[in-house]
Structure formats: C-alpha cells, structure tokens
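Following are the structures in question.
The two complexes that follow have chain A in common; it is paired with chain B in the first and with chain C in the second.
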Partner chain A sequence: MDRKVVIPGEIIAEGEDLLPGEHTEKIDGKVISLRYGLAEEQNSLVKVIPLSGVYSPRRGNVVIGKIENLTNNGWVVDIGSADSAFLSLMEVPRYVNKDAMEEVFKIDELLIAKIWSIGKRGIDLSIKSRGYGKIEEGMVFSVNSNKVPRIIGKEGSMINIIKEKTGCEIDVAQNGYVWITGPSIDDELYAKKAINFVTEKSFIHGLTDEVTKWFDENKK
Partner chain B sequence: MRIKNKMTTKFKRPDGRAIDELRPIEAKVGVVPNADGSAMYKSGDTIAIAAVYGPKKMHPQHQQNPLKGTLRCDYNMISFSVSDRIRPGKNRRSMEISEITKWALEPVLLLDKYQNQVIDVFIDIIQADAGTRCAGINAAAMALAHAGIPMKDMVSSVSVGKLDKTLVVDLTKEEEDFHEGEGPTDIPISMIHSGRITHMQLDGKIGVKQLKEAIDLGKIACEKVYEIQKKALKDAIDMENGGKE
Partner chain C sequence: MDKVRTTFEVTGERIRRYLEEGKRFDGRTPFEFRDITIEKNVSKKAEGSVRVRIGKTEVIVGVKMGVSEPYSDSPTKGNLMVTAEMLPLSSPRFEIGPPKFEAIELGRVTDRGLRESGFIDLEKLCIIEGEKVWTVFVDVYSINDDGNLMDAATIGSIAALKLARLPKYDRKEKKVLFDELTEERIPLTEKVPVAISVHKIGPSLLIDPTREEEDLSECRVTISFNKGIISSLQKSESAALEIDEMKKIFEIAEKASEDVLKQIEKKIK
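After this line comes the complex of A and B, so read on.
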C-alpha cells in the first residue's frame, strides 16, 4: 500500500479509470486532493486520509461527551464537534421525573454514548446498549481524533497490547477522548503515557512492534 | 549620456537582489499547539503567524449562515512589530487587510458542508518589513490546509512593485519608501496554483501594459512561494515520523 502526503489542490494521480474517493475530486481525468493528508490508492479508488482537523461526527460513532445543558426532554452534550449532540430522556431505561433530571446526568458529567442519528435537527445520542452510560470513575483525556484508528490498531491489536501491559480497561471514543480505568492511578497514567507515545509516532511502519519495545524500555 | 542610460536600465536594488528575486523565505506548520491548524511564514524581516480555529459554531447566532460556512479573518500587527511602537488593537488599516485576506482565501475554500459554522483565522504580524498582507495570506493558507479545511487549491501571495520605471518583486520597507522618478508603486497579488488571481491591490500609478508585465512577474514569484508552502506542509508530517523511517 503506497501512501504519500498531499496538500490541497495537488494532483494525486492521473488516469481515466481512476475513481475519486473521499476528500478528492476528479477534473479532466486528474484526481485532485481537497484536503491535507495521506493519499492512498486502492483498487483504482483514490482517497485522502485526513491527519488534522476537528472531529466530524458520523452515524454509529462511539463518543465521550460532557453534559452541557439540561432541557425539558433531554440533555445537551458537548462531543467536541462544531454542533452539540442531544441525549433524549427516552434513552434512560427507567422512569425519570422531569424535575429531577440531575439525578441521572448533571451538568459537567461525562458519558459514553453512540451516535444514533445525524440529521438537519442535530446529532442524537443513544445509551441503550451495554457499555454506554455515565462515566463514574477513571480518567478521561483527549487526543487528536484523526489518530484514533492508530490507537486502536488493526482489529484492536494496538489497544489490546496496551490493555494487556498496563492492566487497565481502555475505551477509545471516535471523537478523540480516551477513558482509562485501572487498578491504581499509576497504572492509568502509565497507560496514558503509552497512548501518547502512539499518537506521537503514529506514522511509523510496524508501530505495534515499536510499542512493545517501548513497554520493555519504560517499565512501570 | 550613454553611461546614464546604462544606469537606468541596470537598476540596482538596495539589498542587491535581482528584480525577480524573493527575499529568503522560511515556512513552518504547526507552530501554535492549541490551534486546530497554524503556520509561520517568514519573508526576509517580515514574520507572520496564522492560527486557525474551527469549524465551530458561529457566535453571535444572528451571524450564522444556514447556506454555508463563514470565514472570519483577523489581521493584527503586534505593537513591537515595527520600530516605532504602534497602538495595539484594531485600526482602519488592519480592518481593511482582515477583509482583504478573507476575500483572497474564500474562493478556494469549500464551506458548503459547514452550515451555521465559522472558521476563525487569526494572523499576527510579529515583525514587519513591508509585504505583511502577503505574508499573512501565505501563512493563513498554510494554516487552513493544516487545519484540515477542504480547499480546492492553495493560495500564494506576493507583492510586485514599480520603483521609478522598473518592476521588482517582493518589496521591502526601504524600497517602498523609494522616492525618485515616478516613485514607488505597490501591487500585492494573490493567486491560486493554476495562476488565477484571487486578490489584487494597487497603490500608486502604473500603465496597462506594465501592469500585465507585473502580473506575469507575480505569477512566477507565486509559483516559488507555492513550492515553499508545499514543502513546509509535507515536511511537517515527516518530522512527526520522528526521523526513524
């Protein structure tokens, strides 16, 4: 797989049979990049993988957000994107008195949720499945949301190494927030350090080997 | 008599540059860690830093555009950027240049998907030696690309000047204050890589024929600026490699 850095307006490839993928456009048989990132050609589909920029929400993403406001039928949640998300009161499985919504989520509390729909009206969140809901313990910090795929690795290979070596439970949300819960604060900080190492070195080939090496060099 | 003619044709610039030679340029991307995208552009003694924030929700709400995103530019000269301290804050000149920068950059941005949102560009001139609006536009274009904003092309900017009757590229303050013969004329030009102009200003007097020549000179100079912008953006990723590959 051949990847190269492209800037906006740069011609990535030429050819009538090429298809323009994400963040590209085709003019006169030339595929042109519309964003700064890594260009990739796969089965005559040319696309650009962005490396920077704010998080843009997509349906099905798992996100960590902060309660911004309470309304009479739900909560407004800040998920780090330009638009705020909304968590409906209906998502809470038990009966909630509208005067006592703080009992479920208070302002500034964190939660992990799934983006259930994106429309003209806004972004709607869901916490109905297992694993979603309020974050009550552990540590949450943010990383560049474009590097989330690297932290997770191919089929979770990278995150599994970190989980195994640190003994922590780690949730990486698509919007760049990472939630770590471990046996002690030191373990959590150790996991955070490892994740920051991954984000710094995110362009190296064979990053998983590099991370294993890092764990050997930086013991707790 | 013959000697005098020779002197006018062989025009000598104060810093000894050729008439189509740019000042030494340095460019770097990612200089403001808290911004979503940032860049520094240095041309001789002129240094501009641009920081991009967003796309984020437009505030105040009445300025929201439900059709497409908005670009907001803010050009600012820091009080110590020139030898005589300038009063900090907005003034007539900085407000005009902010607007000009916005017009120069807007044609390349694809803002259709950012309804009700705004992209903020802050340009700070930390050292000024003429050509600050061009340096600002160059830095802002790099910062916008670095912030991952969809763009059709890059914008490169350069000022072409006429000193008496000679066209020169990338004026310095010393050259702008040239007062012999017809005096100085300053023409800042911004264009995209394909050579289409997004912004042009004229301060002084120039004939139509010579203006066309000036644009051609600007085109060649912008190409050089573009290569530097491109290199700066590409190097930023190699640097993050940690030099290990």
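After this line comes the complex of A and C, so read on.
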C-alpha cells in the first residue's frame, strides 16, 4: 500500500463513502489533511500519520518530564506539550512531608511517569507503578515525538535490537524523550547514534533490517 | 541573568565526565572546530552576503552600504554599524521583541572585533570630508542555533565584508545607485580579526561548543586575534579564571584563529 506526503489543507481523496480518520477532516465530500504527514487509505478510512508537530498527550502514555514548579499539593511538570502536567502528592507511592517536598522532587529534576488522566483541569501524572519515578542518572535527549513508534518498532522489535547490540537500558517516552543508561558513556553514545539513525530513516520500509545492517557497518 | 537551558542536568553530568577524559559527544577533541561551510552571495539586494554553517549552526550575514554624514569627531572616517538578531526560528530559547542580552552582546562583540582591529580602512570610505562618507552596515541573522553563534557571526562578517562590492555613488545628484554595483571592494586591511570563544566547563576548556555544551558553559572568553595581536576581548558568565587558565586560553584561541582564518580564505576564493 502506498502512502503519500500531504500538507495541511491538501485534499487527500474525494468520495461520499470515505470516512475521515485521524488528523483529517471531511468538507463537502472531500477528505482534507490537518497535518503534515503521510496519508493512508484503508477500507475507505483515510488517515494521516504526522511527520512533525508538537506532542499531543493521551491517556496511558509514558512520558519523561521536568519539574517546573512546586505547589502545596504536588508538582507542575513540563512534558513538552502545550499544557503542563501535574503530579499530585496522592500519586506518589511514599510518605511525603509537605514542608520538605524538595526531598522527593526538586525544580529541574527529571522523572518518568504515566499520564493517568486528561481532563478539563489538565493533565494528571502518576508514578505509582513499577518503573516510574525520578531519573537519577543517564543520558536524556529529545527526538521528534512523531517518530517514537518507529524507534520502538512492532511490539518493541526495534528497541530490543538496539538494547541488545549496545547493552544499554533504554526508555523511550511517548513525548519524544529518550533515556539511556549503559555500562559506559561510549555505549550510551552508540545507542544514541543508532536511535538518531532510526529517526532519520523512519520513512523507509524494512527498517529493522536496515538497523541490523547499520550495526554491522558501524561497530564501536 | 537567567538563561534558558534546554540540556538536562543528567545529560550535563555525562558531558562533564566525558570532557574530563578529553572527549566530546560528537567525537571531537576539545580544541577542534566543526566543519565550516560558506555559501557566497545568498542575498540579492545586499552588497555582500554569506551563509555560514558551523556544524548545524547557521547564520546569514549581509553587508549593506549607505551614504551618510560622518560623526563630528571623525570627519574623514566612514562609519561601521553591526547589528545582530537572534530569530525565534533558530532556537526555542529566542523570542520576538526587543533584542535581549544575548543578541546585544553578539552584535557588540562582533562590532568591537571589526572596529578595534582596523580591519576596515574607514579613512578610505570618505567621499567628501565632513559631509559625505560611506556607512558599512553589517547585519547578522541567526538561522539555526546549535551553539557558538558568536564565532559564526564574526566568520560571516569577515567573509561578507571581503565579498562586498561598493554601489555607484552619483556625486552630482548626491544619490547612491544601488542597482549599479562597481567592481570596487570595501577597503580592507590585512588585520583580520578572527574571534574565537573559549568555554570553560568544570576544569576543562574547549572551543566551538554545541548547544548542549554551551548550556553547561560556566565561563566564556571571546578573543579577536589578528596575526597574534589581540584586538578585542570579552568575558561572559560568572565563573572565575586563574592566571594559568587565562594563559592557556590565549594559546588555544591564537592557534584556532589561525586555522579558522585559513579556512575562510580558502572558502571564499
């Protein structure tokens, strides 16, 4: 199936029986793209896979954020989206002394969390499950959040190859932040290079094979 | 001065540790410059213009000539005006509105390097003594900020000035004919002021930082060198320097400025 590159406002397809999917709109029987990305038609459903743009949060997403501010009942967290998120005291799985909230999270510290709910009041985060919490050390950098699905691959196939080849522990958050911890800085940089390769080549087919080839060509 | 930093502290820790081993994230040594590319005459209307790329950092520098009255204390000298703008499109750290501290500093450091070195022979830019002189406008625009805009601006200004041609001046009508460029160049001297910024991160010194490294910089010293003579010097940020460190900075900057000058000359031929 072929995809084509579309820009906002471009007519993707025409026809009364077509359904507008994600990032599209139907006006006068024409399906119009709302984003810059790849248009896809599947069983009369037309959708666009965005190639750029800011991260739009969804419930259940795992995100990496930076503490922006402390309030009397939680922390304001910058997760790279239009609105800031909020981590409530109730969602921290330990006792927190309200007079010493800096002991848990200070301003500018990083944390990995899950989006627990999105409502009118804003985005609420939680760190109650295993694997969430403060990022103490490692390398954190950002990539285009639209490329995150490609970095992870089908059922984690891509990220597992990179983990295996570099020996690093890698967390890819949905908002485009990548956290790498490895045995040495060289290993971490090697993993970063591999991830950058994936984001650059994200549009080609059979990317997992390409990455395996890349690892053979670019040994440490 | 509050600075917006886009590099995370945990990543910063890694950069510092790696630097102590004498290594950098992009595989360079601390005193290695990134590749410089210079694209000539990118602007149609400017008398001389270049697009300079240092790695991913990109600036456009344009030179425009104008005729105006000289200042009363220098009736036989032309004028030089340098302005720098940090466009919001080049980095999430810059915003629209009046120029901030960083943009003003960028313009002034570039200006001082060009002025104090005597690179432009301002005496020769006099048309009628006390009445009409040429004014050289140098405009620096950042297109992409991946660190080290300071050095990119000076490299761009030097290249643009070297390429610029004077427009025709109608003495009778007292008008500049911008459409008719003459073959005449701006009178330049051999004193080329190549500015090199040396940054200090922890105990390590380095040149040509990327955005990540510049975020961590504790102190920056920008030195304009022309053939071993210092024509301007600017220290920014709060960290203090020891005398030995300062001596080392001079050595690094002098060596780097020679290399960069050779590169500029090769690229604008």
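One rule holds in what follows: the second predicted complex is superposed on the first by the 220 of 220 C-alpha atoms of A that agree within 3 Å, B and C clash if a C-alpha of one lies under 4 Å from a C-alpha of the other, contacts with A are read in each partner's own complex, and residues count from 1 in each chain.
The rule we apply is simple: a contact is a pair of C-beta atoms (placed from the backbone, for glycine too) under 8 Å apart; a residue touches a chain by one contact, two chains touch by 3 or more.
All figures in this text were calculated on a predicted structure; none of them were measured in a lab.
Colleague: For A:10, select first, second, both or neither according to whether it touches chain B, chain C, the two together, or no partner.
Modeller: In the superposed model, A:10 contacts chain B only, not chain C.
Colleague: Looking at A:66 after the superposition, I want to know if it touches chain B, chain C, both of them or none. Which is it: first, second, both, neither?
Modeller: A:66 contacts chain C only, not chain B.
Colleague: Of the two partner chains, chain B (first) and chain C (second), which one does A:189 touch, if any: first, second, both, or neither?
Modeller: In the superposition, A:189 contacts chain C only.
Colleague: Once chain A of both complexes is superposed, is A:34 in touch with chain B (first), chain C (second), both, or neither?
Modeller: first
Colleague: Classify the contacts of A:128 with the two partner chains as first (chain B alone), second (chain C alone), both, or neither.
Modeller: Touch partners of A:128: none, neither chain B nor chain C.
Colleague: Check the residue A:213 against both partner chains and state whether it touches chain B (first), chain C (second), both, or neither.
Modeller: Touch status of A:213: no partner.
Colleague: Pick one for A:82: touches chain B only (first), chain C only (second), both, or neither.
Modeller: Touch partner of A:82: chain B, not chain C.
Colleague: In the overlay, answer first, second, both or neither for which of chain B and chain C A:58 touches.
Modeller: neither
Colleague: Is the number of chain A residues in contact higher for chain B or for chain C?
Modeller: If we count touched residues of chain A for both partners, the winner is B.
Colleague: Using the superposition on chain A as set up above, list the residues of chain A that contact both chain B and chain C.
Modeller: On chain A, the chain B and chain C contacts do not overlap at all.
Colleague: For the complex, which residues does chain C have touching chain A?
Modeller: 8-11, 13-14, 17-18, 25
Colleague: Which residues of chain A touch chain B once you look at their complex with the stated criterion?
Modeller: Where chain A meets chain B, its residues are 5, 7-10, 23, 32, 34-38, 50-54, 82-84, 146, 200-205.
Colleague: Within their complex, state which residues of chain A touch chain C.
Modeller: By the definition above, chain A touches chain C via 66, 108-110, 135-141, 185, 188-189.
Colleague: Which stretch or stretches of chain B touch chain A in the complex?
Modeller: So the residues of chain B touching chain A come out as 36-37, 54-57, 108, 110, 114, 116-117, 145-154, 192-193, 229-230, 233-234, 237-238, 240-242, 244-245.
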